[in-house]
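Same chain, two partners: chain A is paired with chain B first, then with chain C.
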Partner chain A sequence: MQSVARHQRGGVGLSVFLPGAPQILAGRVAEGLLALMPWLSAILLLVLRADLVSSQLGEGSTVGRASMALLAAAGLAWAWSLRDVSTPPEAGAGQGAWVRIVRDPWAGIGLAILLFFAGLSLLGPPLLLPEDPGRTQTTEEGFLPPSMDHPMGTDNAKSDVFERFLDGARVTLGIGLLAGLGGALIGVTLGAWAGFTGGWVDRVVMRCVDFFIALPKLVLLIALAALYDLGPVTLALFIAFVQWPALARIVRAEAVALAQREFVHALRAFGVSERRILFRHVLPNAQGVILVGTALAVANALLIEAGLSFLGLGLDSASWGRLIKDGGALFPHWWVGGFAGMSLVLVVVALNLVADAVRDVFDPRADVTV
Partner chain B sequence: MLSYAIRRLAVAVVLAFGVATVCFALVWFAPGDERSDLLLSGRGAVVDTGPEPGLVEAYGDWVGSLLRGDLGTSERSGNVARWLLARLPHTLALSVSGLVLAVVFGVGVGVLQAARAGTVLDRLLTLGTVVAYSAPAFWVGILLGGAFIHKPMELGMEPLFPLTGVAPPGGATSLLDYIPYLVLPALTLGIVLGAGIARYTRAAMLEALAQDYVRSARARGLSEMRVLFRHGLRTALLPLISLLGVYLPVLLTGAVFVETVFSRTGIGLAMMEAILGQDLQVLMGGALMFGFAAVVGNLIADLLYGWADPRIGDAVRG
Partner chain C sequence: MRSPLLEIRNLGVEVPVPGGGAAAAVDGVDLSVAHGERVGLVGESGAGKSLTTLALPNLLPPGVRIRPGSSVRLDGRELVGAPTRDLRAVRGKRVALVFQDPTHALNPALTVGSQIREVLLVHRGLRGGEARAETLRLLSEVGLPDPARTAADPPHRLSGGMRQRACIALALAGEPDLLVADEPTTALDVTVQARILDLLVHLSEARGLALLLVSHDLAVVSRTCHRVAVMYAGRVVEKGPVKAVLERPLHPYTRALLAARPRLTGPRTLPAPIAGSIPAPSAWPTGCRFHPRCPDALDRCRREAPPWVGLSPHRATCWLHWEPGGGAS
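What follows is the complex of A and B.
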């Protein structure tokens, strides 16, 4: 207890300059990193691009709005950290499932990685790239190694890899998120409906699931992407279509188990409608499974999008997969594909870390695997 | 068991039919001229003369020629079935050796982790398997290629493994000629797939080792090795068989990517080249072959599981 108190006391001074640092020192890595990152990036922005920010801050331009967002996030993080260290911890706090997930060190690192890439893809292009409207910045030479002018070097077509990396982050993460969430939505709805209703609905839905799970979906997706001209939304839709069966199967198993529980019978006896039981009582009780499945679906969707682009079958616009493809062999020009490849792995690892932590918290049997 | 096998076989036939139908639908609804090219190419000169066949007629033709093992002919590659079959051994060699490596890695690492649960080694391996499990096959392949081929070349040394292809120019005369070309691609698949198997094996082993019969085996004074392998691993391995069925599509898709990275002239690379060369017959033939391979692999995994665990025959539907 004493060491905690000392951290808290010394923390006030520290958190004025480095919000989040006291929390990291006290072992709450996630909360600390989540507060520290916007703060540090806001300072970096003010130091490196002071002229840009000062000229655009009041304007309604993208740059102005993005800087405002970053500064607001940094201010929030600062206020939260200061408030957090100056209030004594409440007795008995920190028992809730969500708090336990955030305080799991590995999940914390995962969440921090996800926030980092979300921030980078949203705020990076307006704030970090030169402002010329076309943003078709060609350089004097191809295959330049990373330098101050080109943080990730240049590629064979003499374009700035950092610029392509940021664009690719938007494409890959955006389509991955859209497709993963879409697949999760379909899977959860169908799985819960089938498991909760039972009877022929269950049999039909599960037969479809069996069929789709056994199909070599990615090979068919490759053929599909080769034959059809896919836009971002259709591509996300088809990737989502690959994701739903796995989720439907997990959620259905959970719904079947929950539908037999006594509280469901009790709700029925009270005359609560079936739909209300399903949405207000069964699904919330399956949230752990749903969350794990959704995180894994997003991870999978990211990998599929990157894979298709790697084969040259994705969207025409840049994607991390495309960057990796253009990078070709890793040496001697490792910077072309290297950053995208490593970031792809990092994001998927982060999603897996979060999913593992959620599973440990919600699944009572998880004690065995820890 | 027999009735289970027959039912399972029937499901596999339906699945194979479904794969073929999905492939047909992909082509039929595709924009452009591809569809008439593909659907009529098997029938020679009909293209110019007769009217466009309707959906039902074309579908019937397609299924009929499939049943005869006819995948049509293409200008670029001739008889598609023969063209793909010539490349099948390279894909098979890759998939089988990748699978063997994956099981060896996965089970080995998983058992080691379970035996040393909670130690630093266990934690490090857990982190390592999460990373390997998250990495796409093509990226792992590029990393391995970079480390063993391109980095040595950049430093002016001989690469440790041949650059691309499946065999030395002029063809492989013995297995020893063939294996160097196989090492990195198989290793790639082994790492990607093995990470998942390791994660599963670790969890299943820990669960098995927590059972009462393991405690009583230890109480009887059996050696730790014997407890681990006879009592722990045997229980843990059984469901792994069905897990392999689940991994099969991953293995096949992985083969497409790995063949692309290492320019192995298997079916996956044939499909990629077909896309570039607008060779629709080869693309669809490859998709069909992968589809049927997945169906057959699933069938084998299910039958093996039913044979290994007789309770399954009655318990599992379909």
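What follows is the complex of A and C.
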């Protein structure tokens, strides 16, 4: 008991300066990192760009809004960490599924990586790039290695790779998210409907799924990309379109199993309509499968986008895939494509880590029934 | 006299037989339940008890269907052949079911309270604070000690007995007139069983709720019900007031069921098992369906279906009690 109290007193002091650090020390990596990151970024921002922030803070400009958001996030993290350290842990409190996911160390690291890149792509461009709105800064020389002026060097067209990296983060992550969620939405709806309803609905939907799964995805996308003028949104929709069948199949299997469960029968006996049973009762029971499928669909969408860009069929505008392509043969100019490639790998790995933890938490075999 | 709440006439339920065709697993059941009356339906596994109850609001599994010519009337309204929309308004609202295994009858992903509120919304249009208050009232009505906490718990936090109480609260949420309980205590501890049965009797008396209790256990029925119907091989073979049937059983099957119960009082005799088992619906014997297992079977029992005998309301279908030209009617 005493050691807990002492640890907490020390924790309070630590969390005033480094919110999140006590949580990391206590093994709750994810929560700690999630608090520590905005805090450190805010401090860095204030130290490095104090002039910019102070001149823009009250203004309605992008920079002003972005700095406000970052400072607010840092303040929130600080308050949360302090409060968390000073309240004693509830003994024997039941842990919900979400808490268990966040407390899983590997999922925690994954979530922290995802949050880092989300923050970077949203807040990075206004805060870290020169304020000139019509950017695309041309440098004096191409293929400069990373330096203080150009943290990621410059490319063959003499533009700053870091700038392209940040712009590309928005595009790539946005496409991944939109394509993954879009594919999941279609797949989950159709799969759950088919599996739960059964009969001819099931047969028709699943034959469509078979048809689309049988088509070679990349070839289909290449054809679509060659036929249509690609904007980021169209590209995301195309990727979603090739992804939904896989999700539909997984969710259908789950829905078929759930439709046989006795509680579904009981709900019918209480006069609950089929649609209500499907959306309010069957889908929540399939949330593990749905979440895992969605996370992996996002990861997959990121890779597809990069692959298309690498083949020269992706977007003309900035994206990580485009950077990797421009990197060409990696050496000797490894910095052109290297940072984008590494980041892509990190995000995909992070998504897989989170998906893994979600699967563990919702795994029916791990379910403890009293 | 007021017409009965539930009147089942000549109910037949056909199940698919392996290799094609269909067999009547329930074959010509007549049964009625008056307002506020508690009726027990007793028989071995495979007698057709559960199919009979599921047929009431037509909740039969796919492939199983009600035979043409059957009639199920609720307050005089025919339910057989009624459109699904009408049946849905009956399910939970007029007739509610309590299932055998409360562990599987509740959605594991939602709290108990939200499941009750759903029925309140569907059948009574209650939402928000009204629904929450009614949920707590229902949970305390079924004897749960801490309704607020139970409402916020997912089903797996509750014990078996508490879960069955929650299921009963769920069944009461639509304010039904008839509660159909299919072996509601079979999955529970013996000590909990008695309390759940007492709760059902109490609710029936307090609310004027009719109860159709399905059980394989005559003891369960004798402590709860007014009347009992004994089923064998898809047919009702004996029915009457509980006391009369238990004390002076007419049908050899009812006698055998009574003899098969372990006794704690009286002479120390081992329970007598009934030899053999109920045949499958596709292989039901001719004549009296119980004759292959009946110790007193006559020649006639093998050939002809027995008539109803005995003085109303306690009657049975058996040749043994048949007197030519008298008694039976």
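The criterion applied here is as follows: the second predicted complex is superposed on the first by the 355 of 370 C-alpha atoms of A that agree within 3 Å, B and C clash if a C-alpha of one lies under 4 Å from a C-alpha of the other, contacts with A are read in each partner's own complex, and residues count from 1 in each chain.
By definition in this document, a residue touches a chain if its C-beta (ideal position, glycine included) is under 8 Å from a C-beta of that chain, and two chains touch if they have at least 3 such contacts.
Predicted, not measured: the structure shown is a model, and the values here were computed from it.
A.B. asks: Check chain A with both chain B and chain C modelled on it and let me know: fit or clash.
C.D. replies: fit
A.B. asks: With the two complexes overlaid on chain A, check the angle at chain A between chain B and chain C, Cα centres, nearest 10°.
C.D. replies: An angle of 90 degrees, rounded.
A.B. asks: Figure out whether A:N285 sits in contact with chain B (first) or chain C (second), or with both, or with neither.
C.D. replies: second
A.B. asks: Looking at the overlay, what does A:F310 touch: chain B (first), chain C (second), both, or neither?
C.D. replies: A:F310 contacts chain B only, not chain C.
A.B. asks: For A:L344 in the superposed arrangement: first (chain B), second (chain C), both or neither?
C.D. replies: Once the two structures are laid over each other on A, A:L344 reaches chain B alone.
A.B. asks: I want to verify the contact counts: of chain B and chain C, which reaches more residues of chain A?
C.D. replies: Greater contact footprint in residues on chain A: B.
A.B. asks: Kindly classify A:R261 by the partners it touches after superposition: chain B alone (first), chain C alone (second), both, or neither?
C.D. replies: A:R261: touches chain C, not chain B.
A.B. asks: A:R276 in the overlay: touching chain B, chain C, both, or neither? Say first, second, both or neither.
C.D. replies: second
A.B. asks: Would you check which partner chain A:L114 touches, where first means chain B only, second means chain C only, and both and neither mean what they say?
C.D. replies: In the superposition, A:L114 contacts neither chain B nor chain C.
A.B. asks: Looking at A:A194 after the superposition, I want to know if it touches chain B, chain C, both of them or none. Which is it: first, second, both, neither?
C.D. replies: Neither: A:A194 stays clear of chain B and chain C.
A.B. asks: Which of the two partners, first being chain B and second being chain C, lies in contact with A:A184: first, second, both, or neither?
C.D. replies: In the superposition, A:A184 contacts neither chain B nor chain C.
A.B. asks: Quick check on the superposed model: minimum Cα to Cα separation from chain B to chain C, whole Å please.
C.D. replies: Scanning every C-alpha pair, the shortest chain B to chain C distance is 18 Å.
A.B. asks: Could you list which residues of chain A make contact with chain B in one structure and with chain C in the other?
C.D. replies: 368-369
A.B. asks: What residues on chain B touch chain A, complex-wise?
C.D. replies: Against chain A, chain B makes touches at 11, 15, 18-19, 22-23, 26-27, 30-31, 34, 130-131, 133-136, 138-139, 142-143, 145-147, 149-151, 153-154, 202-203, 206-207, 210, 246, 249, 252-253, 256-257, 260, 271-272, 275, 280, 283-284, 286-287, 290-291, 293-295, 298, 318.
A.B. asks: Could you please specify the touching residues of chain C with respect to chain A in the complex?
C.D. replies: Residues 57, 59, 88-93, 96-97, 99, 101, 103-110, 118-119, 122-123, 156-157, 159, 167, 170-171, 173-174 of chain C touch chain A in their complex.
A.B. asks: Can you name the residues of chain A that touch chain C in the complex?
C.D. replies: 94, 261-263, 265-273, 276, 280-281, 284-285, 287, 368-370
A.B. asks: Chain B touches which residues of chain A in the complex?
C.D. replies: Residue positions touching the partner: 207, 210-211, 213-220, 222-224, 226-229, 299, 303, 306-307, 310-313, 324, 327, 329-332, 334, 337, 341, 344-345, 348-349, 351-353, 356, 368-369.
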